[in-house]
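Both of the next two complexes hold subunit A, though its partner changes from subunit B to subunit C.
On to the complex of A and B.
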């Protein structure tokens, strides 16, 4: 575990130096700032719009950050061959993967926290209060990112950079549409298509579980049991993805 | 105790590595290699480009997986992670995080080795002085020349005070003074009881430090012994002549 933390610290420092990470963060902050442009709406509508756009933006840019940084963190080890020097030392492959995951979790957490602070500041400035349910939405975005980091590492452990990027972005999009697809499948007459959709619905993480902004924006409260269940759901997917990652990495020649 | 009476630091038996490059495309990088290196010995692995030297070193380190065969290092299976506490490795082109400075890279690897903080500071200073990089402490590795990278690589390889050193082309990129310093360092390390396996193209470098050499070509170990034994056996005037005769013989047969 100590060695995993050494890897995590190094991964975190390397990721902070990544230009793409910095650029994404700047774009995200710009988006949050631009929500001020909805001044033509009534104050109540404007607040709803700010919350909706900001939470969507935080989720999208966090995902972008998590995918790009996690993919680079692993692929660059292969491409620059630093991995061969590392694995010639007394470092277990499982510690390496765990370290990469922890490092990326830390980097993404930092990104989510920075964006959240700006978002909270914006809401406090506009309505002089901040609903607890908005914290719930931010917490689940963070939990969703853990799943995305683990999946990105799992794919990057065996696939090329381009494939990893395309596959994980595709999965991110599909993961937000599975519930919709599943509800549509009931109306389909083709049983084969129904089975296929059901299969993917059960396999692909349902990222819509983490997206509670529609409820939060209209002032709804989120039960703590829902938060814990969804967090647990995310942890299970994260653990499965890390096991898959380790399986591929264990037999990878460097 | 004579070197040949000592226990084996490295024992390889029937090591074969076949790379599968696609449908029906297989390349045998190493073919049934058997070799024993005794503790305290400097063993030179010679061979032209693509002969299988680096593949052999990577298999020993567990970076590649053998198609068949067995490898033991210091009496333990080479896949045992703990055995790597006793190994120092210098890759052909040292690959390190480019944004880190010399002391930072030593700190990073020192922690991987589990070296205590107080011991690590002392060790870092000693090694940076040894490899002549003490006055370059604030320079990130991305600004290092090839020779400087080789030097920091050597410092990393010595960080854990290893019993067994594996050095892939240790003098690449070094000027004549640097090469001589490395050569003297290897002899000093041998005097301190270390076992060294080095691979190189530089035949004269190998000849000057090695107790025994092995010549690899197309994945096969063609000759094994002391340079004087081999030169007598192959009727060669010097090590270059020996190398060429062995390779030519291999091509003809």
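On to the complex of A and C.
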């Protein structure tokens, strides 16, 4: 575990130095600031716009950071062959993967925190108060990023850089649509198709679980039980993805 | 551990975790339904909003569409607003403003455009009323749309009984001060003078921002039998 922490620390520092990480963060902060441009709207509408733009921006840019950083963290080790050096030391492959995951989780958390601070600042500036439910939305965005990091590492363990990027982005999109597909399957008369759709619905990560923006921006509250269930879902899916990652990495020739 | 044993253990662990995931997903789905998270997909291909919707950013898409509504209204293209208003309320039914503003556009601004055709004017006013009622079905726990509907009945439709009904509903929720004053006026217009006076007394006792108005209204009602002071001849 200690070795995993060392790898995590190193991964964290390397990711912070990545130009793409810094640029994405700057763009994210610019987007958050740009929500101020809607001053021609009524105060209520402007606040809603700020919340929508900010939460969507935080989710999108965090996902971008998580995918690019995680993919690079693993793929660069393969491409530069530094992994052979690392694994020739008394370092278990599981510690290596766990360390990479923890490092990426830390760097993504830092990105989410920085964007959240700016977001909270904007809201406080506009309405001099901040609803607790907005913290719920930020918490679930962070939980969603853990799943995305784990999935990216799992795919990067066996696939090329281009494939990993395309696959994970595609999964991010599909993950937001599975609920719609599943709700439509209720209209189908073919029981076999319903079973197949239910199977895929349970396999593909359902990122809509983490999407509570629509409720919180209009002042709705989210029960703590929902947060716990969704966080539990995220943890289980992260564990699945890490097991897949470990499986492909364990017997990979380096 | 051999490769086959490791593979079998990994597969067993993954299957077990997916078996845990399935009932948890069912519980999450049930709770989302109870909280009113509807699964609504609006297909608008070829536009930025369509891409945002597909990416799961429905709120942002609804905001962009809402900006279009504002632009169309200010440029006098009121009819073009209607399908976009529908899209906004479809994407985010809990966003109260489009329901309120949409109801106002239908009952007031669009109906006035056809004021020379009484049947059409009546139909547009009714369309506004129906739109607000639909909004209430998605937002039954807020005063906003009950007030909008009550006000539409009071001011536009002149159906004071319905106005009283909806304004009373608005008063069941946390609300701004003017709602109670509007209710008192609706009682008066509906012939429920005692209820009107009671409501104004409650406003006076509460000490809210409409207390001075309520004092005046109560005085006028007792003195002249109406809140409106008759003109001196």
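In this section, the second predicted complex is superposed on the first by the 245 of 254 C-alpha atoms of A that agree within 3 Å, B and C clash if a C-alpha of one lies under 4 Å from a C-alpha of the other, contacts with A are read in each partner's own complex, and residues count from 1 in each chain.
Heads up, the rule we're going with is that a contact is a pair of C-beta atoms (placed from the backbone, for glycine too) under 8 Å apart; a residue touches a chain by one contact, two chains touch by 3 or more.
Treat the numbers as computed from the prediction; the structure is a model and nothing was measured.
Clash-free side-by-side placement of subunit B and subunit C is the outcome of superposition onto subunit A.
By the touch criterion stated above, A:26 is placed in contact with neither subunit B nor subunit C. After overlaying the two complexes on the shared chain, residue contacts for A:41 are found with subunit C alone; subunit B is out of touch.
In the superposition on chain A, contact of A:203 is made with subunit C only, not with subunit B. In the superposition on chain A, A:80 contacts subunit B only, with no contact to subunit C.
Put simply, the three-chain overlay gives an angle of 180° at subunit A, taking C-alpha centres for subunit B and subunit C and rounding to the nearest 10.
When both complexes are overlaid on chain A, the residue A:250 reaches subunit C alone and has no touch with subunit B.
Applying the stated contact rule after C-alpha superposition, one finds that A:183 touches subunit C and leaves subunit B untouched.
By the document's definition of touching, neither partner reaches A:166: not subunit B, not subunit C. When subunit B and subunit C are set side by side, the one touching more residues of subunit A is C. Fitting both structures onto chain A leaves subunit B and subunit C with a minimum C-alpha separation of 11 Å. In the superposition on the C-alpha atoms of chain A, the part of subunit A touched by subunit B in one complex and by subunit C in the other spans residues 251. By the touch criterion stated above, subunit A contacts subunit B in their complex at residues 2-3, 6, 10, 13-14, 17, 80-82, 84-92, 251, 253-254. Contact residues on subunit B toward subunit A in their complex (touch as defined above): 58, 61-65, 81-82, 84-85, 87, 89, 91, 93-99, 108-109, 111-114, 156.
Of all residues in subunit C, only 3, 6-7, 10, 13-14, 17-18, 20-22, 24-25, 27-29, 31-32, 35-37, 39, 41, 52, 54-60, 62-63, 66-67, 70, 92, 94-97 touch subunit A in the complex they form.
Residues of subunit A that touch subunit C in their complex: 38, 41-42, 44-45, 48-49, 52-53, 55-56, 59-60, 172-173, 176-177, 179-180, 182-183, 201-203, 206-209, 211-215, 217-218, 220, 222-223, 225-226, 229-230, 232-233, 236-237, 239-240, 243-244, 246-247, 250-251.
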